[in-house]
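Naming follows writing order (A, B, C and D), and every chain is counted from residue 1.
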Amino acid sequence: MKILYFAWLRERLNRGEEEVTPPPSVTTIADLLNWLANQDEALALALANPAQFKVSLDARIQPHDAPIAGASTIAILPPMTGG
Amino acid sequence: MKILYFAWLRERLNRGEEEVTPPPSVTTIADLLNWLANQDEALALALANPAQFKVSLDARIQPHDAPIAGASTIAILPPMTGG
Amino acid sequence: MSVTITGAPFDPGALSNAFLAQSDSAGAAVTFTGIVRSTPDRPITALILECYVELAENEIATLRAEAIKRFALLDASIVHRHGRLLPGEPIMQVMTLASHRQAAFDGAQFLMDYLKTDAPFWKQEETAAGTEWVEAKPEDDAARQRWT
Amino acid sequence: MSVTITGAPFDPGALSNAFLAQSDSAGAAVTFTGIVRSTPDRPITALILECYVELAENEIATLRAEAIKRFALLDASIVHRHGRLLPGEPIMQVMTLASHRQAAFDGAQFLMDYLKTDAPFWKQEETAAGTEWVEAKPEDDAARQRWT
């Protein structure tokens, strides 16, 4: 699956997207955030407070307990500042 | 002094303005409304509920207890429906 | 053009743009436009507005100054038509400019609530059957009361 | 043009007029325009907006439908820019159309409060010293909460 990073998260990670293949035990958005935070040090730091991120599955925001099965693009979204 | 009537009040009285000379005992807006209501039958009917009218002295709305001394144009204004 | 009472039609978007053009340090602008309404259950052919122009200018200028002070607006502008208007035509427009959105919204609502009850305009609806004075609405008095 | 996410400048007044042109039985229109702000105490050279366009289109379309239903709006339209904007340029505009003014005001405020916290835009302020991400404001979350 493809992960998208935006705004300061993208800058801190020095990448806007990446392909990942989490193990089958990673079933929800919360699982995924936790798994990503264990992939490298930059991710660990940037995702230290996972509750602040909204997450979208295929361009629809979903709650953190939503299953990720079937999603091909998952975006991790820092607090928004539009309007 | 000149009295102006607007909207349905003007229509009911069949005139938009008139010159009047109230006696010296008529000192406030409330006095004037009361005095006018005693001038003819049309005025008596139209001004039966004086509290509903706002009144302006020389193009400034004033409370009913305001003195009318010095005002040259007094307008009697039915409930407004602008905006 | 802070307060304009006019018998002529106006262009809502052009007025908004002129108002926005002086928005240097503003972050938020709210525009309210009132439009002549004709509905299938109450079709009208026109709306006729009577106005005491001199008083309207005075009262609305006072209201505008009060709104600017109360909500720390950077600017406010009010345009109100009188005369005979057709369905779909703009009747009036209130514009507010502020640093932040809540002030701009509150200022516009304050001005609208006061204009409904305190600006010397009187509406008449023209239908196939003749003309009829629009009655003042108790809910307009209630809306105004919330600011006192 | 109900929901437009665009990298290009837009003309606020022209959009309002286009929106008003289909206001058949509406009595009230509210427009909110957000403008790039540069103040003497915090001068910026530009505001840079990052956007996840596809998500913004989906989320704002959902919000729009919710606002229309909740406030019985006759129509609503949202335009939001991204990219690099200069001080004084319009960032976004929300327009609502309703039979009565309170619904038009409430619908516009509801949309603004949700756009601030739920639309995937991220602002960066560009100053002489460099660029800096704008922090999300707790009061924007509070403003959104009042509708729940």
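The rule is simple: a residue touches a chain if its C-beta (ideal position, glycine included) is under 8 Å from a C-beta of that chain, and two chains touch if they have at least 3 such contacts.
Keep in mind the model is a prediction, meaning the values are calculated, not measured.
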Check: In the touch network of chains, how many steps separate chain A from chain C on the shortest route?
Finding: 2
Next item on the list: Report, in whole Å, the distance between the mean C-alpha point of chain C and the mean C-alpha point of chain D.
Entry: 23
Notebook entry, point to check: In angstrom, rounded to a whole number, how far apart do the mean CA points of chain B and chain D lie?
Noted result: 48
Next item on the list: Would you mind pulling out the distance in Å between where the CA atoms of chain A average out and where those of chain B do?
Entry: 71
Margin query: Where in chain D do residues touch two or more of the other chains?
Written below: 34, 101, 112
Next item on the list: Mind pulling the residue numbers of chain B that touch at least two other chains?
Entry: 83
Checklist line | Interchain pairs in contact, sorted by label | finding: A-D, B-C, C-D
Checklist line | In the complex with chain B, residue positions of chain C that touch it | finding: 34, 49-52, 54-56, 58-59, 80, 91-92, 112, 115-124, 133-137, 140
Notebook entry, point to check: In their shared complex, at which residues does chain D touch chain C?
Noted result: 11-17, 20, 23-40, 87-88, 90, 99, 101-102, 104-105, 108-109, 112, 143
Margin query: Touching residues of chain B toward chain C in the complex: what are they?
Written below: 4, 6-8, 54, 56, 59-61, 75, 77-83
